[in-house]
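Please see the structure below; I have some questions.
Think of it as A, B, C and D in the order they're written, each chain with its own count starting at 1.
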Amino acid sequence: MPERLWRKPLDAEKVIKPKAEIHIFKDQCKECGYCISFCPMKVLEESDEINARGVHPPRVVDESKCIICGFCTSVCPDFAIFVTEKNSKEKPIQ
Amino acid sequence: MTRKGIVLEGVHFLNGDVACAEGAIAAGCRFFAGYPITPATEIAEHLAQRMPEVGGIYIQMEDEIASMAAVIGASYSGLKSMTATSGPGFSLMQENIGLAVMTEAPCVVVDVMRGGPSTGQPTMPSQQDVMQAKWGSHGDYEIVALAPCSVQEMFDLTVEAFNLSETYRVPTMVLADEIVAHMWEKVVIPPAEDIKTVNRKKPNAPPDEYLPFMPDDSLVPPMACFGEGFSFHATGLTHDEHGYPKTSSSEVQQQLVRRLCDKIRLNADRIIRVQEVMLEDADVVVVAYGIVARAALSAVRKAREEGIKAGLLRLVTLWPFPEVQVAKYAEQAEMMIVPEMNYGQLVREVQRAAKETPVRFLSKLGEEPHTPMEILESIRRRDQ
Amino acid sequence: MTESKQPETKGGGSETRIGVYVCHCGLNIAGSVDCEDVAKFAATLPGVVLAKDNRYTCSDQGQEIIKNDIREQKLNRVVVASCSPRLHEPTFRKACEEAGLNKYLFEMANIREHCSWVHLHDRVAATEKAKDLVSMAVAKVALLQPSEEIEVPITRKALIIGGGVAGIQAALDLADTGYKAYLVEKEPSIGGMMARIDKTFPTMDCSICILAPKMSDAGHHSGIELLSNSEVLEVKGYIGNFRVKVLKKPRYVKKDCSACGECSKVCPVIAPNEFDAGLAVRHAIYTPFAQAVPSTYIIDMNKCLNKDGVIVCDKCLKACEREAISFEMKPETLELDVGTIIVATGADTFDPTTIQRYKYGKYPNVITSLEFERLINAGGPSGGHLIRPSDMQIPASVAFVQCVGSRSDKDGRLYCSNVCCMNTIKDSLLIKEHWPETEVYVFYVDIRAYGKGFEDLYRRAKREGVKFVRGLPAEVVEDKKTNSLWLVGENTLQKELYKANVDMVVLSVGLEPRKDSEMIQRLLTLSRTQDGFFMEAHPKLRPVDAATGGIFFAGCAEAPKDIKDSVTQASAAAARAGILMAKGRVTVEAITPLFYAEKCKTCGLCTKVCPYNALTLNKDLKRVEVIEAACGGCGTCSAECPFGALTQNHFTDAQVLAQIDAVTANEPEKKIVAFCCNWCAYAGADFAGVSRMQYPPNVRVIRTMCSGRVSPKFVERAFARGAASVMVAGCHIGDCHYINANIQTQKRVERLWKKMEQLGLNKERLQLLWASAAEGERFASKVREMQTTLEKVTPEEIQMAKKTFEKALGEN
Amino acid sequence: MIEETTIQTSAHPFSKYLRSAMMPHIWCPGCGNGVILNCFVQALDELKLDLDKLVVVSGIGCIGRSAGYTNTNSFHTTHGRPIPFATGAKLANPELEVVVISGDGDLFAIGGNHFIHAARRNVGLKVICANNFNYGMTGGQQGPTTPLESSTPTSPYGSIEHPFNLVHLAAASGATYVARWTTVHVRNVTQSFKKLFQKKGFCFVEVITPCPELYGRYNKMRTGLEMMDWFKRASRIEHFSDPSKAEITSDRIVVGEFVDMDRLSYEKLLHEKIAQINEKALGKVK
């Protein structure tokens, strides 16, 4: 049966997706744009605020879209962003 | 690795290079990196055979630059390390000698001097690297340099060199010449336990409080090595007591450079050794070092037989320069004679220290060293 | 390297003794042809020593008569005027051989499919035509030469395309017989449609439970190489010696996979699972179903986040203990040498959205029978609970609507999809089994319970209270509040309107040819019937063979059928392929080119047109060398040679010209000379006969293996002899059974048209027809159309053409 | 500013591997060195390596700073000499994991000789080269890997020098593990870095990294993203393909693992011999 004929899968809701928590250290960002452009789910965008370095750090558009692949964490040259699963141990020390 | 038995003991007939190598082993050196060069090659050859026997490491690197770098690396991994070379190789080592000074890596560099400049006279004796030993690397710094005049001293001073470098965390040179390196003599090696050896000071602070470049009163910081649980950083850049680069801070630069020099200068009297022969009433003082000193000695003896009040000041330590001692005998002497196998190097330091006292320089280039007669002649002509 | 020195003389040396046998075929021929008259006429033809007519020439007695005459009457040529040579030529050739006559000295006149059946109501004209056909055959047979067939070895390996139950069965049978079988499946797992079905009719046993063991056998059999997630790219060669290119698409998971499923658990991407008809989700890395073979997981790169070599998400990589995942896997192209090919590509289900009134895709509670199978299946998305999509509640009433996409000239396909009736009956019983209270309606046109045990099941369903209503709903309307559905239509038994309200409607969708059957058709140069399924060589006598040698059919690829029939056909196909491979050698028909060195000018034109590169020009020896084993026997080289240095054995210039002369012996101005290729056009004309399509009797068909054989001088000869029109007919471009020889046909006809125009002739008189074996009607209507132009052709035009082409009279 | 970021990095999962006092690093916006350092500490984190036994050595150049940034035993040598230093350190204490992180100029121009000899000896060093095609720290001059025709302040008319093919050089010199990736391949880079610690002999990983401020600016790729897009577009993963054909051009960058073999490491051979001879010698004197 061709894909276009499919209806919404009956168990689509049942699949539980871990909730993401995205931590951004704005003042460390140098605005290379890697996290924004490589995010597979397009969760991030450039914000209009200006950080201590005088550049625009990223901003979360829709945290619920994040699938916690952690690519932003790995590709950030400035250790300015990381993602954790909501209510998991890895909490930022405030 | 026990030293008992493996280290040579008793009376032996050796050449200078071998004696130097045995001295290193006796001092606890367990890492040698070098590159073949006349007339220092025998040191490498002998250590290639002996190091494994004492559980030590010998490696021939691709050049002298690499040798010096490897020596520093091994030193930071906790082994007493050395290299041996001659003029051309010594030149290549200079940059990393500077690194050893900057990172305060204990290590010994043996330079068996031959005729230069450049490739010069590989097989002829000389004393042409005396100034390079002090000034060869860029920037302000102090090192220690010793000048053996016999095969016995090739042994003794090598041990001494290690002890000094470990004490002051400074590269220490043994400035031998082709003759002491190649001549054969009796060497008396005391039982291992009677040989005094010094090991670098270890930190007693807990790892998280340890500051790798924070000195104590001796101006020498205790040294932790890789793998000992102190995670620290060392760099050739100007650095603070954490070892972190501070390349644009004037006071960090001043603090660091001053300390690197002062730890030697302020400890000079503890470091410096000279031999004083018939100097109490001497009005002619011959200042010599290395093989030349032996000719000078017999010249001085002959002069005394002729009734001339001659004396010998033999410099065992060339750097830091025995300024005080030279000045002291310059006071009482009418003149000083400095025979060197070069075209005028250490004589400049002597002149500086001797002030008004006239200093006569006897140069030898590219030939056998001064004969006693030549020096005696000069002593006889003391009034001219 | 065949070569005949002496120019063709009549017969094998001594004088020609032809026997002609006119068959009544009961009344099939005798019904509209006066067979005795035809036999009498035949007796008068040159070289004919005896002519007989009898009721069934193909019967044993019929064959015995021929054998005796050959022995006693010293016949050295035989003509049988009966049905299509595509049907009985082998039979009679065998008979001749048994009587010691070389089988290449036999010829047939097709007076049934091409005559009696298509001119049912014009006995006179049909009889006249039959006489022409016979004289053509006699003219040709006189010139036939005894020939020996050469043999080529067969690769003892088989390729099975499609890993459904048919493909699996065929592969297992072949492998068990001891032949290597390559089983190519384009999906990640074998199993096909049967793996998705819950229960099978009429036995009601669990579909996957009986299939799974076969699947794993196929997976583990040492004789079977399973190529899943793979597609056939190219097929070259000929019977016994095919070279196949297969594209093995990367799974991105290595064989080391233990199918533990940890990767799937962590994969953040979800997509509808094709296997569950999209009713359940799967992840980007997945296995389609629990019993999948191979069990190795697969990554769907269209869904996976890691595009062009950059690994963005490495969750599965981290989760896989065996480190079996590799995003660097690349597609491989495998080259397989096989002797036989079995096509088991299956069928698609009909797309019900095209029938608006059933509102599929608009109303949530209208589902297809395939979706139903997944819903009722314990392994399915609802764990076997029949729920209706709108509210996930168990429906209190269900209606099945039959013939969705089947048996309709308006909605979908004309044919009956064969399995839907029984499938629905089975499904209705399943509902009754689990939820006896459920009201079940079946709206049908006819219930076709023809098979073993089918009727019992049908009765049982009725007993269980399933309500069968004759008459399909005219429309389906949804109750907006309850999402239940109103079906309105006419009960054609009671002749009254019905208006039924049910919670869920199941559309019993029909089967249709695979979307990609055209691709497979081109790859293997197969034919398809009008409904688009692959066409067998003969519906009765070679039901699993393709017209192309060495290729066989199994399962729904050939026509919709149920599991039992698919498996039966698969075993049959395996057996047929096995027979070929057991022989180990295949004979090449002696229809390869004959070469006359003295005429060859070594121009090399022939080598350029040969689709098989079977000809090589040897300039030094001033000759063309023919590799018989490679030769497909299309004869296009012979048509191309301007000097007559090459001619196709058994279809020589002289023989074809003799046929033309026979057609045009009298009243040529009333006749159409038609050259038809054996595989498509001639078969199409046969099909027209089988379907009793009536068309004007003035056409005379000359059979060549390929339209590429038709050399311009044949056409010119026809016109020179005063023929009114000429038809050149072949397979559609792309469907040529000789790779692409019919491209040459097109070129030649176009050249002739240009020539005719320049010479002021009406080019309408020469017609080019592409007609497949299924397109009988296309052939018939072309004849009708030509008839009308033919009537307009004036005697002057005929004369003019005669003059223009008279040079052609010298040819032979 | 420093203070503030200090607090912040301490929250980052990898912060414990970084010397907070040294953060933020000196590297320009879009510089790939940070990505390499990131992958490196991630590898350490995934392997749960004993940091006391780890030594990171670097030479001179932008990436040379990474030794100082990793919170472990680290040494920042003179230009071109990290490998011989590391050789000494490793031989003197084979228990140590000695990693050299440096640039293409440091390792292959001024230090080229040391590289090939360490590889030849098969000293158990893990050498990571950040290849940015130029001398970043001194202002983008051409170096041993600068692609033909590309322009730099010292090749203003386009470079006429043929660059080194680093993976080919490493393989030919005898390295037991050779891989090349770019900074878009962060997962593969991390994997290869982890691999380094499972191997015994001389290992080499080249990471092609964007230098938008200099190399990029001189070659029509003004931003790191543009360079990363080039890497993404041009990269072809061809594992264990012939290193001599592993080209780097504007439309084709061959990446992957090229060598993965086992050869007894220099230090193993050396220390076995030493132990053997030492024992004999001890025996002799008893």
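Please note the rule applied: a residue touches a chain if its C-beta (ideal position, glycine included) is under 8 Å from a C-beta of that chain, and two chains touch if they have at least 3 such contacts.
Only a predicted model underlies this, so the values are computations on that prediction, with no experimental measurement involved.
Enquirer: If you tally contacting C-beta pairs, which pair wins, A-D or C-D?
Expert: By the number of C-beta pairs in contact, the winner is A-D.
Enquirer: Quick check for the class: compute each chain's Cα centroid; which one is farthest from the centroid of chain A?
Expert: Measuring from the centre of chain A, the most distant chain centre belongs to B.
Enquirer: Which chain would you call central, comparing Cα centres to the global Cα centre?
Expert: D
Enquirer: On a C-alpha centroid basis, what's the spacing between chain A and chain D, in Å?
Expert: The answer is 29 Å.
Enquirer: With centres defined as the mean C-alpha position, give me the chain C-chain D separation in Å.
Expert: One centre to the other, that is 63 Å.
Enquirer: How many Å are there between the centre of chain B and the centre of chain C, using C-alpha atoms for each centre?
Expert: Here the centre of chain C sits 98 Å away from the centre of chain B.
Enquirer: Where the CA atoms of chain B average out and where those of chain D average out, how many Å apart are those spots?
Expert: About 37 Å separates the centre of chain B from that of chain D.
Enquirer: Touching at least two other chains at once: which residues of chain D meet that condition?
Expert: 184, 186-187, in rising order.
Enquirer: Multi-chain contacts in chain A: which residues touch at least two other chains?
Expert: Residues 38, 71 of chain A touch two or more partner chains.
Enquirer: Can you pull out the residues of chain C that are in contact with at least two other chains?
Expert: 312, 314
Enquirer: Quick one: which bits of chain C touch chain D in the complex? Just the residue numbers, please.
Expert: 308-312, 314, 317, 328
Enquirer: For chain D, which residues are in contact with chain C within the complex?
Expert: Interface residues on chain D, with respect to chain C: 184-188, 232, 235-237, 239, 256.
Enquirer: Which bits of chain B are touching chain D when the two form their complex?
Expert: 1-2, 4-6, 31, 33, 51-57, 59, 61-63, 65-67, 69-79, 81, 95-96, 98-99, 103, 225-237, 242, 244-245
Enquirer: Could you pull out which chain A residues touch chain D in their complex?
Expert: That would be residues 23, 25, 27-28, 30-34, 37-38, 52, 55, 71, 73-79, 82, 84, 90, 92-94 of chain A.
Enquirer: So in the complex, the part of chain C that touches chain A is made up of which residues?
Expert: 268-270, 272-274, 276-281, 305, 312-315, 348-349, 351, 353, 360-361, 364, 368, 370-371, 381-382, 387, 389, 392
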